[in-house]
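Below: a set of structures, written as structure tokens.
Two complexes come next, and they have one chain in common, subunit A, joined by subunit B in the first and subunit C in the second.
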Partner chain A sequence: MNQAITYQVDSLLQVLDFSAIGFLLPLLFFILFSFYRFSERIVFWSAIAAILASYGSLFYFLKPLVNPHQYYILDWFSIAQSKFQITLLIDDTCFLVLSMIHLVTLMVIIFSGYYMKAELRFEKYFAYILFFFTAMFGLVLSNNLFLTYIFWELVGFASYALIGFWRTKDSAILANKKAFIINRIGDLGFLAAICILFNQFQTLNIHSIEVMLQTSPKDLPALYLASFAIIIAVIAKSAQFPLHVWLPDAMEGPTPVSALIHAATMVIAGVYLLLRIAFFFPPEALLFLKYIAIISMVMASLFAIVQQDIKKILAYSTISQIGFMLFAISIGNQPFALFHLLTHAFFKAALFLTAGVFIHENKTQDIRNLTGAAKQQPIAFIAFSIAAAALIGLPFTAAYFSKEAILFSAIQQHGLDVFNILLLFSVLLTSIYIARIWFYLFAKKDSSNIPQAKSVAMNLPIVVLAMASLFAAFSASPFYLQAFWFTLGTETIAPMFSIGIILLSVAGVLAVKFIPAILLMDEKNAIVYFLKNGAFIDRFYAYLFVKPIQQIAALLKWLDKHIVDGIVNGIANFAIVIANFSDWFDRNIIDGLVNLIALFAKRMGDIIRITQTGRVQTYFLLALMLMAIVVWFIY
Partner chain B sequence: MNNWLSVLIFLPIAAALILLLLPKRASNVFRPVTIVISLLQTLIAAYLYTQYLKNPQGYHFVERADWINLNLGTFGRLNIDYFLAVDGLSIGLLLLSAFVMFIAAIASNEIKKDPKAYYTLFLLLSAAIMGVFCALDFFLFYVFYELMLLPMYFLIGMWGGPNREYASIKFFLYTLFGSIFMLLVMIGLYFSVIDPVTGEHTFNMLYMMDAANYTKDSYFSIFSTDALLFNYPVRFFGFIVLFIAFAIKIPTIPLHTWLPDAHVEAPTPVSIILAGVLLKIGGYGIIRICYGIFPEAAIYFSYWIGLIGVISILYGAFIALASTDLKRMIAYSSISHMGFVILGIASLTSEGVNGAIFQMISHGVLSTMLFYLVGVLYLRVQDREIAAFRGLAQPMPRYTLFVVIAFFASLGLPGLSGFIGEAFTLIGAFKSASVNALLPRGFAILASVGILIGAAYFLWTLQRMFFGAPRFKGAQEWHLKLKDLTATEYLVLIPLALITILLGIFPAILFDASNNTINAWVHETWIHGIANLKSMQSLLKF
Partner chain C sequence: MDINISHFLFISAALFAIGFYAAIRRRNIILVLIGIELMVNAAVINLVAFANVNTKANAADGKLMALFAIVLSAAAIALALAIVVKVYQYFNTINPDQIEEFKN
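Right, the complex of A and B next:
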């Protein structure tokens, strides 16, 4: 890390050559397509041109910068005494992941030309894809957690927009809301980690934190908390247990989107983030990660074997495979976690796109109705078979290296402990669920032939991705890893071990072939029913969180209206009552008293008036009486 | 020219006088004049902002003159200054206010009743708002503060919805309740503070912020030995009273119930002013006046202030989730978002307070956009019930685009302005525990739950109203009425959306102006607060 070259740049102009083409061009098209309606042809070709240009600039401008790796730092804004910087790290990892993203995006865009043809809002679809591409690009390059967080959420937003692309479809708009909200839970974890790390280090540059940790104790409580918070973020974004529930629902989006975002790129963001910052994770956090990974793997493969919906099977497969990558990280095998990330991206994208062909041509996602593919869509069927072999980890595929290496290092480190037994169990399950699809596709179709579409846009991407799933994409030799265009750690696999794993997988395939119950997965079986509904985790969340939150909200609304505002109105009414009382008091008591005095004066006057007769005789008589009284008193 | 601030304040007053002289039948002149005047104000404020950025510290554009000088016999002399200046705290808010008034003037095209009275009041309100942010003499501040109340009362009460009288009286009484007590404290402060230059009592806020200017045995003096009320220093009560006055404005729980009613009844432009500008005066007042004059009470009560912020965030968010009226939902989301401002201020960290100011400005822009968007819908079908709409994206795709931008900015999507404000208030609140131990870490975590619920109610509303197959309460008739945006509406919405994006990507635009001022402010509030608290605790033994 120390020999890295750091450039403090005044503006991004200094890395403009590749960022302008790689980053800004797709962004420009995104803006154009979101506001204007262009013809399908223009949109399609300019999207391809943008990604191709970006791809070219990646090799032309970025590749030479990779060795030694370097940092580009640009001041962004400052607050208090801390500077927030846009920090980019350009190294091997970033180059590998970016080239994978470019290839998959390009293939998905080409495929979308076939899959989304004549779709309303065609240009919006491409706009969102390009936006996603840009955000993912930034996420991979960023070496500052604040910046990473921004792109982390932006890819989530792109995913929201694309899952809900068919916005009049109720299931789709429920699914994208769910995906975003569940990802929000993870985002809060990320935000918490940002708060903790910023508080501790006064910077969010990953590289700076790394440098600081070289001279300071590593067992800081902040690092414990931050690593657990990060793992929460990873769980949500990479759809791991217990926040995996959004991914199967996300399959409501267009299939190419599932291939790009929900299989190859966005969902692996969690793995990528860990590759970047797991260096400060304490052993406890890694153990926690290991638990999460193994539960996700076994759980998702169990859910996958009972599904009848091809996309759901693949979605659960993705959860399981990402669990596998996280497992590799948790046992410290970072290089092969990265390698599996790459191989998985290709074969899973191939699986999804071929599934897209079957779905598009048969107008159904139920594997029981997808029979006859071997005959009707032979190219897609062969591509699917290659990708399935890669998923299983058979020789001659690239995933053979990544999968065996991770399994081997796990067993080498810990022998056959509970984790590793579960790990092998999920390997078996993996071959079962993918073999189920394969046997259905391979089976003969009863009904007559449906006319099949043939187009380059359909076949080219699946062929390219299937080829990328083969060993030759990564290694010169099919049996031992002889990398020729990138460097990984060295991991040797014992041949006997490898044969054992292959036999295990083949056993799974044969089980599907010879045990009809597995192929059928009858829902009347209680266990199948339980697994098919995702162990009712969704319903559990609905009762535990969603309902109570709605009830609290309704209760608070009632309180606000009747109690809080009630008090205010009560005070106002009280004032009115007081005012009315004062009014009454004023009218009747105060004014009454005044009137009383007046009345008294009047009555007195009336009485006195009696004496005022005006007759001299009366006055004289009264005067005499008065004098008599006076005289009587004196004596 | 050095009296730009006076120009900013008196330009609308002059325009209002001219409008008053015009005959009523010249009704098509009033709105253009108001738009031009508020555009001028925005340009002046923008110019001042760029000037301020050249040397972003201290007070700029200072204007000072004797205003009222009365001999009160045995009470001495009454000295009130015309004292205006802006610093990093107020300059951003000043620009925001001018801009929001400009947008509100454009958005006033729906006002048909008695335009002469409407625009005169509008301009009067504009002058008062500018004055509030510029005044550094407490009395002058108070005058402007009260001056806002009158036009606002009539704007809601005369041009509002069916229940407008109730709403406007509620608004008026709530605010008046706060400001009457503010008046008491202001007078108390006047008789406690001495101008160190002339030796006379003064309303100058800057003098009020310095403990040395208080006469020794006065009620609000730090060095008083008997200024206790119910066994607590009188200064604490002064702080609480001022805090309540501004907390009503923000508003915080439980002093918030005027807001939803006022918003629901107010016409769109008045809602825009209310949410875009008036709420910010609460936050501004707390930072400038409550914390500035009574720093020790601020520190003493910071836990409770932070708690009020957190409760406002959660409470507002929950009720927004349960709201069935779109405008009421946005009103409660305002309460939730302004809770972040309180939390950020209470943290007394530079991150938190800078974040709070950013959040105020961002919310000013976003709430303007949100209330305007509600107005667009209401104008077409006179309905705001969430349940009355479904699949609005179909007939109104452009409108939906702006709704999506406004909603996602409000729920804190990075790249848009709402995120920066929320993130930094949270970072500040979290940091507080290790810097000054004022707020527990749990506050930041609880507040972040508010962000989660924020996502829930905004997305739920999007899903219910805008997506899905179109189905409206008014059936076919509404299909015809629900036309997409008009040119005027684009004119309002495009700048707002651009500003949101701009602030989200380049937060330095605001932080560069506020950072120095706030760093100094946090430092001084902390130093003075702790010193005052120590001296008061030793003298008063509370």
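Right, the complex of A and C next:
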């Protein structure tokens, strides 16, 4: 590792210069698109311009800072004696991941111009994408766990918003809720890890933790807890067993989003975090990670084989491939985990985008109805084939290097133990599930009357990403890794081993070709039924967590309705009774008294009015009589 | 038979009673006025009668008072008759039983 230079800065303005302004454009356009409506054309081109500007800044501003590594430390806030700092680390890893994110985002945005054309809330879609891009940018750059946590949440939110982008679709809303809730479990793990590490080291800067670990003795129980908590966070974010269930459902989102967020960038955040922080993991934690990785790989590959939905196959494939990266980390081969992360991002984005073309043109996700794609969309089909070859790990693709290197180092370290046999088994399964899609796409269609669109926005991204999946993107030679624009650990692979792996993969492809049952995957078969339902893990969760919670909720509702409402209604009824009595009292007693007085007055009046005849003579008589009485009394 | 003050008083009381009866009982308002005039005159007779039995220096006071009363009652009757004319023009009757405006 190169020696790092640390800068303590007072303000980020000391670091940034004019060429860094491109990084702010995506954020700016995100804010603009969130609040104002623009025409599709303006939104589309300004989103492209924002990513291109950011790309330019990446090369003109960030690239020169990579060698030697640089830390920027900026005081953030302090609580009591504890100081929190914004720490940015600029190094090779960061630069490689960022350039991958830029390229994939750019291609996805261009592709979205085709895929999301004339969609409602077009500008909101791009706003979410740019928001996600900015958050992911921060996540990659951050070297402080708390800052990372913030961006970790923000990318999770962007994922939530985009899975549920078609918000009138019930299944999409259920899927984004599921993704959100399951990611909360992981966030809890992350938060726990942050608390433990802060308690242990009084700092959250990853670099400082690394330095302190080298100089001071370790408190092992705390590190165990922290590493397991981190692994839980990674499992949720990167969709590993047993928290993988959200990713296949997340395919309800638009396909370019699946390519960007749920294949190439966000789900690898867990891997990236481990690359940064796995240095303090005790061996037991790494073993635990290895179990998780191998279970995820084999399980997801098995699920992928029986699916008929092309996006779900690719989603399970993503789970499996991320498991592969975690496996590489667990055996200590971190450089190649990073390398596989990059190659996987390109070929998986290419697979998703080409799948998007087939889905969009044929209006179906079922691979049995996607036959004839080779004829209808030759460019997309060739791009798909290249990306599929990369997934299998065939020569002339970049993933060939990353995959073989990880497999080789695994077998070199531990021989053919249970893990490695399962690993090879999942390699075989990988070639089977992807070949299955390929043969369906390649198959002839009886009648094809669906008009096929052809546009630059559709073809350019898949061609670029397919080319980025080829060996030339990373190595000068197709057969051994001769990296020319980045540095990795040295790779040594025995040629015989490589041929063995290729044969294993080809065997998988041939199995699909010659065993029709694999293509069909008849659901009446009990094993297929079991796998197709995701080994009933969803149903298991439903019975273990969802149902009880719903029952508790129902109980609370009943309590609310009968006890709380009963008390409230009782009080209300009591008040009504009181009011009724008061009403009766008012009507009968008070009114009675008033009426009685009035009646008395009326009777008196009636008596008096007898004299008021209106006749002059009567008045005269009365006056005289009155006078007579007065005189009588006076004398 | 010696004529003393009680005879005058009897005459006066009888006259007053007759006038009172006429005033409250007659159906013609002119006759009612005449009844009232009788009552006034009964009072005037009383005044004169008491003036005659008074032996003090101011013995003429009662007679003067009687003269005033006669004048005033004449004036009052003149006014009352004028009112009667108006009442007749307004109600087309001079029967007090049919004039019940005071009731309202």
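In this section, the second predicted complex is superposed on the first by the 541 of 635 C-alpha atoms of A that agree within 3 Å, B and C clash if a C-alpha of one lies under 4 Å from a C-alpha of the other, contacts with A are read in each partner's own complex, and residues count from 1 in each chain.
Rule of thumb we're sticking to: a residue touches a chain if its C-beta (ideal position, glycine included) is under 8 Å from a C-beta of that chain, and two chains touch if they have at least 3 such contacts.
Since the structure is predicted, the reported quantities are computational estimates derived from the model, not experimental observations.
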Which partner, subunit B or subunit C, touches more subunit A residues: B
Partner chain(s) touched by A:586 [first = subunit B, second = subunit C, both, neither]: neither
Partner chain(s) touched by A:168 [first = subunit B, second = subunit C, both, neither]: first
Contacts of A:366 with subunit B and subunit C, given as first, second, both or neither: neither
Touched partner set for A:199, first subunit B, second subunit C, both or neither: first
First (subunit B), second (subunit C), both or neither touched by A:177: first
Which of subunit B and subunit C A:557 touches, first, second, both or neither: first
Which superposed partner A:619 touches (first subunit B, second subunit C, both, neither): second
Contact residues common to both interfaces of subunit A (with subunit B and with subunit C): none
Contact set on subunit A toward subunit B in their complex: 34, 76-82, 149-151, 153-154, 157, 164, 167-168, 170, 173-174, 177, 180-181, 184-185, 188, 191-192, 194-196, 198-199, 549-550, 552-554, 556-557, 560, 564-565, 567-568, 572
Residues on subunit B engaged by subunit A in the complex (per definition of touch): 170, 173-174, 253-254, 256-258, 315, 318-319, 321-323, 349-351, 354-355, 391, 393-394, 401, 408, 413-415, 419, 423-424, 426-427, 430-431, 434, 444-445, 448-449, 451-453, 455-456, 459-460, 462-463, 466-470, 506-508, 511-512, 515, 519
Subunit A residues within the subunit C interface of the complex: 612-621, 624
List of subunit C residues in touch with subunit A within their complex: 20, 23-25, 32, 96-97, 99-104
